[in-house]
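Next come two complexes built around subunit A: one with subunit B, the other with subunit C.
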Partner chain A sequence: MVSFTKPKIRRKNEPTNDIGLIRSDYDGAMSTLCAGCGHDSVTAAMGRAFFELAIEPYRAVKVSGIGCSSKTTTYFMSQAHGNNTVHGRMPAVATGAMAANADLTYIGVSGDGDSLSIGLGQLVHAMRRNVNMLYMLENNGVYGLTKGQFSAAADIGSTAKKGGANEMAPIDPCALALSVGATFVARSFSGDKEQLVNLIKAGLKHKGFAIIDVTSPCVSFNDHKGSTKSYEHTFKYYHKAVHADYVPPSAEIRASYEDGETMPIELHDGGVINLRKLDNGYDPTDRASAFSKVLESGQSDEILTGLLYIDETTKDMTTRKNLPKRALNTIDYAELNPGANKMAGLMKEFG
Partner chain B sequence: MKPTDTSDPDYFHKVVDCQWACPAHTPVPAYIRLISQGKYSDAYMLNRASNVFPGILGRVCDRPCEPACRRTRVEEEPVAICRLKRVAADHRGDITDRLPKKPKNTNGKKIALVGAGPASFTVANDLAPLGYECTIFEKFEKPGGLMRTNIPAFRLPEDVLMEELGYILDMGVDLKLGSPVNSMKELLKEGYDAIFVGTGAAKGKDLRLPGRDEASNIHIGIEWLESVAFEHIEKIGKKVLIIGVGNTAMDCCRTSLRLGANDVKVMARKPRAFFKASPWELEDAEEENVEILVNHSPKAFVHKGGRLTGMTFDLMEYDIDSSGRIVDQKIVGETTIPCDDVILAIGQNNAFPWIEETCGIEFDKWDVPVVDKVTFESTQKGVFFGGDSAFGPLNIIWAVQHGHEAAISIHKYCQGESLTERRPDKLTLEPTKMGMFEWSYNNSFDDSERREMDHVALTERFASLGTEVELGFSPEKIATEVQRCLNCDMQTVFDAPKCTECDACIDICPVECLTLAPPAEEAVLREAVSAANDDQALFISDELKFTGRVMLKDEDVCLHCGLCAERCPTAAWDMQEGIVTIHHAGDQELDEIFEAAE
Partner chain C sequence: MSGPALNDFVIRVANVNGTGSASANGLLMKAIFRMGIPVVGKNVFPSNIQGLPTWYEMRVNEDGYTGRSGEIHLMIAMNAETYAKDLASVSPGGYLLYDSTWPRPSMLQRDDITVMGVPFSQMVNDTFTHARSRILMKNMAYVGAVAALINLDMDVVRKMVEDMFASKTKLIPSNMQALELGLNYVTDNIDHPLPFTLEKRDKTNGKVMIDGNTAAGLGCVYGGATVGAWYPITPSTSVMDSFSKYCHKLRIDPETGEHKFAIIQAEDELAAAGLAIGAGWNGARSFTPTSGAGISLMNEFIGFAYYTETPTVFFDIQRVGPSTGMPTRTQQCDITTTAYCSHGDTKHIVLYPADPKECFEMSVNALDLAERFQAPVFVLSDLDIGMNDWMIDALTWDDNYVPDRGKIVTREQLEDGFEFFRYLDVDGDHIPYRTLPGTHPTKGAYFNRGSGHNKYGRYTEDGEEYKEVVDRLADKWFSARSHLPAPVIRKSAHKTKAAILAIGSSDGAIIEACDRLGKTGLHLDYMRVRGFPFADEVEDFMAAYDTIYVVEQNRDAQLRSLLINETNVLKAKLIPVTYYAGDPLSYKFVMEAISEHTAIRKTA
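Up next is the complex of A and B:
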């Protein structure tokens, strides 16, 4: 018999989060991606992070561009708001939505093709503006949806499933992000949920633009020998530099700092990200140090992962531009519309 | 940490909770699938191979499978396994030509079977087709044992019983009715090659309280039911007290209602949580307006000039601790309840007045025979016990299982083979993948609730003792109930070298029973996948090629939905039908033929 729907089942003793929901309340439609696609694993990690943070789905916004990765917003949190935009235009839509309602949690989901080719300019400016969102860049080195052409993230020497090796220099999303002012820069792997879920939680709670570059293998077009984005290759060269745990505001903070390797970063909501440095001499709060470390690792096969850089002090777009902290539709008309006199005054300023 | 050895036939067998819990290991999901395909006769035959009496057991089995059923992990009620067994029996066609036949020639070996209950009948069922000359000696004029004498006809109609006993008699079994065996010593002299004792444990316990010897109208439940079955007793007083709250008590109270009583009280010494009766038997009695009084401890029989007028009880109060055990009790008062009759239903014992001390059959200090738990042989070579006579009162399905095992032993004994060298159970795995999103079973989860049995209306059912109360399942109920079964025999089989650790199975699993973790002690791994039920296995794979982690699966909560296998890009997970073979007497020869051919 044909059945391919995940039944919704409430087990006995099923754990609930702080708002009484179970994990499957954060599920979406059944995925139509290829079996084994890394993106599905990232979807599961996003669902789990929202569940663990006990965010009401209707208080969240999912935005995406075009690509297999961008399709995945449909596959989690079906009760959240969402918009699949046109190719590469997700950052602009997210920025506009943020201006209209800064009181929601924003997650953008995109791929290396959507983000680093057609959408590169959009991405860079959202980072510069420090839009308060988490941007998931599901990176498989190819355009999966259009059958596996190299993307701008393909490493030099990585071979296509059929055909030759890539010869052009890759764009490293983390190096890019560090160079244009992103305030939360992380790298992870779809095959390491433990790390990924923690990073997503931290990224969602970070006030400002957070980007996670997630290696997420394309099983159909880029999981072969010779590919640097395959499961095998990633598992082999995967390296954890910094470990990040998100600790919610209410929880008692019990980390031990005395060895000098664990560093608490206080967030705007009162929560804390506990950073545990796994590499000596690495300071994830120092942009230059992070930048050189990322460039350095780019010279080798090593895949540097973890929360590579964090800056909680730079103002996000909403704060800097003094935009309303709540939804425009909750502000009454008189306040929202300053009236003809104000307008005339404003025009004079530029007179 | 040791990787799980799934080649141990018990591993996957144990996953099929119902089959594992069934003493005869009836392949429940397989017969439920046959029912779902309308193959009732096949479903009946598959049942029969394990439990011999699907029509009988489909009505009155103690159903240890149901509390074990996996369905109870996702909702309250198990699959109505027993009811579906009756469906197979009710809707079967003529299966007589599919039954084992009386062989043309006997093998010259003579077996005496004492008592015509389910245990002896199972032994005969297994041995007669192999050529053994089986003779059953029964003291009563009718066969069936307690199934006839104690289980009332409104639960188990006589024709259902007779038909299934008849199948076995037709295999050339000689049934000698009205033939009590009065001396084991004599029987041993009669030249039988082996003797099977299946005489049950039908001695009801008495209650020695003041007034017991003086008062009339006090009945021992088992004997009373027997007299009713043989129509020696046809009525009872209006007010009846039943002492005890086990299954015998339930049959006594309901039978009383059919013999003219209109005020029947079941008197329990302890609170409801301590009742011995099966929940469904309690439910059926209460539906018939039987009143159950708790915390009444019998004290004395009250009588007037030898005529019973009532019974006195101590009123009890119990202290129960958090784990539900009684830690203290006290008497808080006394009450006398008037009645016309009292029926004692407080338990039964074995009794073997006909087995002489000099027969070489040892008994323990409770007068229970010393019987080997594997071979069912007594301390006298060639004399085997099974059913209630072996280890005290159990139920029909255990009697059947004992019968199968004793038959294997008798066969081996008569062939001069070692009784203890028994063939191990076998498990074979068959592929079930039919195509994309397609398996040979219905893998979708059906969230329907358990179907209820329809009953004859209360206004009609008391007219005659033989009116069967349960009506069986309607077609709609059959169609729904079969889909509630999760097909637990569709096993998740993991091939570690194929796994690329993509997490697809982990993410799709609707009950989160899979994960990957670094190798560690089982206790640590159990935590990694929140496997809380230690009674159920944790599957631990070999170390995986990319990271050296292991795949874990908590067998406790798996729904056998197949989504893990559907999602797996390399078919490292596969759904395979696990077919358990439990050996019966005679499989031996077949197996040897197959092995020789291989």
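Up next is the complex of A and C:
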């Protein structure tokens, strides 16, 4: 298998973003996934979100684990550094990279196997640390790359392609995230590009750990009748609870604000996420309310989507650790070296 | 046999852990040091927080030998639970001091030693009321008793007590009183001083007493490390404690309060490795300290760092394994694992410090080497070096030091047309160039992957392309051999065809064994290896002798295997001398093992 570079085609009057780049400037290598795989749609949504936010690709860092989903970091933004780490361990690498340079935008891509089985420990600890990154969990209920074993996200009763139903309770990434203190929790579907792009934009702009659990069907191993992660099933039970729009700092903000319906959440960069609740009586800034809503939906067939919870007040890791405004990796050695005189002083302690 | 003689003897103190005896023992040792007499301390402690036996052994030796002697001349038996063992361990002709508040006839079993009783508990209980202070004061009382027995300079001790409690001065009188209790009792009731005593010297000028982990943490500060990640594990934890302490002291911006360092306590060692690797990949100098169990968990990540050529530093402070083993005892048991850690074809750069000074220096070396060779680098220390206080020359720093950041391509270089491919050997030195994320808008990005990649950094499943990269990795690794700290050779005064080869903390015991064996007519040269891959001198050295004793602290003669595997040395020439009971190596063991081997050879 080889990776192909996509030919760049620039059309006349091609729309540009605020920094003069066109959409294809956010492309990567040609995908090698199965035709129709949900992950490819998520890749497209990520490229679009970065394009619309006018983030310079080289100021972003893509990190991933291992799996079909984790491969996709090569398929967008080739001008961004990528790090395809080891299975289930992307959060640690992302966190270390973040410590070295918090000036860049970090996006992590993982699968349900990578995140909820082998990598469960690292995922929850990245959430606890509130590492400032967006974590995309491309959830297809199976291990695609190792040919279709059930993952820990498989629903009870969901059947395998070769027959046999899953009998163990699934780990719901959103319930998990809410319980360990993630500060941005969303769910979406690879088949709803509009919602997904909006959520990615909001997640990238959130200062802290943002997770989006994206149902992303595996056409080769989990798209059959009886699977609860198929396109058909997801389209049927898909339910939008909260709509989120990111409004950049420069734009007119409270234009469409109507009390009781739209809820603006101010972000650290001065932008705003406008939350439009589609369900009455649901407060996405209240962890307990979000938690019960997620648990309730888990008991039905309903797939609750949208920005389910947001908290902009908890400090992210770099703020909590009092890291400098400039990146640690840019500090000159002269500033890090305490010097020979200090050493002579320190040695008195030991004499 | 060493001592006992003036300024040449061993004191062993038996305590119960959690009773505050560590500061009393520290006081005793430091006072000897401040009298200008070289001394080393070895702490033998249990894997437990309170209530189990612990021993502290001080070897006073004005010739400056730092290894254990294997003798005990004065035993301070403060733990009734271990009386029998302590009594048995005193060298013939030695002395034992115990708390005679409860007299023990059984203490008089041995007629080849002198047993002395001091009613410590009774005196302390009569003088102090508070329960906790009675426990602590008993420690001070035995320091006073020992002072009288060996002519410890009480002015030095008093001055140290004043310094110790400088911030809590109201504790000074009671501590002084406790010292006097012990001192006066011995003065009035016991034959003193002992035949072996202390006499002031000036042999500790310019020296300090420091443990290797503190020195390693300090090395990371001076070496410019900014990201440290770890998961607590004895005996490595104090590396991070030290880094943290000195970063908080020296690396906080006084104006903004910003921290010019990030210390992250990981959820496990897998994460600690990932954190350090992520930071190293992103251009921060990073490290993670751990011990054998942690290295086992880090294996997959270490291979990832090796294959993706990501710099970072691993400290392995060895303890007794496998599994949990004896976590508070020392060994050199991770020699093989660190050399070849992870699956597939992997070989690493490993440094072998022998004392705290080298822990400091090699921390800086390791940070440089990791970036120069774009590889994980190991510093293989052990519990003995890491957690015991050693006497070394005071650490110094050269402000002209410039970190070797290796081959990092800058934005300007890319602008000027530098054609960047991640794994291309442009300079013929087997080392490629790397870029850091966020460098240039259109040039310089690459995809770091543990999956097959070719020299351009692109994904490959082509066998030839794969081989080209891993062959270069092997060459790169091998080329590091002349950039590591060189081996140290110590020649005997006589020409000889026998030698010792070793690494790390065995040094003190070996030097002493060589000197003493020399006096018996058995002359040995000695090479201490300080890095892996082995320098060319290692091969040359081994070629020059008929017999080479490979002395090491593990069961399987791991260093010997590594030498056989990585050099052309004749296997039969390498005689294994292995000690792995968990306490630091003594010269006596080395001497006996080598004498025995020579005797067998003579009779055979």
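Keep this in mind: the second predicted complex is superposed on the first by the 325 of 351 C-alpha atoms of A that agree within 3 Å, B and C clash if a C-alpha of one lies under 4 Å from a C-alpha of the other, contacts with A are read in each partner's own complex, and residues count from 1 in each chain.
Here is the rule we go by: a contact is a pair of C-beta atoms (placed from the backbone, for glycine too) under 8 Å apart; a residue touches a chain by one contact, two chains touch by 3 or more.
Because the structure is a prediction, the values reported are computed rather than measured.
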Comparison of subunit B and subunit C by subunit A residues contacted: C
Which of subunit B and subunit C A:12 touches, first, second, both or neither: first
Touching partner for A:79 - first (subunit B), second (subunit C), both, neither: second
Partner chain(s) touched by A:97 [first = subunit B, second = subunit C, both, neither]: second
Overlapping contact positions on subunit A, where the subunit C interface meets the subunit B interface: 1-3
Subunit A-touching residues of subunit C, taken from the complex the two chains share: 207-210, 218, 221-222, 224, 226-227, 229, 246, 250-251, 253, 256-264, 266-268, 270-284, 286, 300-301, 304, 394-399, 401-403, 435-442, 444-451, 458-461
Subunit A - residues contacting subunit B, complex: 1-13, 23-24, 34-38, 40-41, 43-44, 190-191, 193, 217, 219, 223, 231-232, 235-236
Residues of subunit B that touch subunit A when the two form their complex: 73-74, 437-439, 441-445, 447, 500-504, 506-508, 510-512, 532, 546-547, 557, 559, 561-563, 566-570
Complex contact set, residues of subunit A against subunit C: 1-3, 56-59, 61, 63, 73-74, 78-86, 89, 91-101, 103-104, 121-122, 125, 129, 318, 321-325, 328-329, 331, 333, 335-340, 342-344, 346-347, 350-351
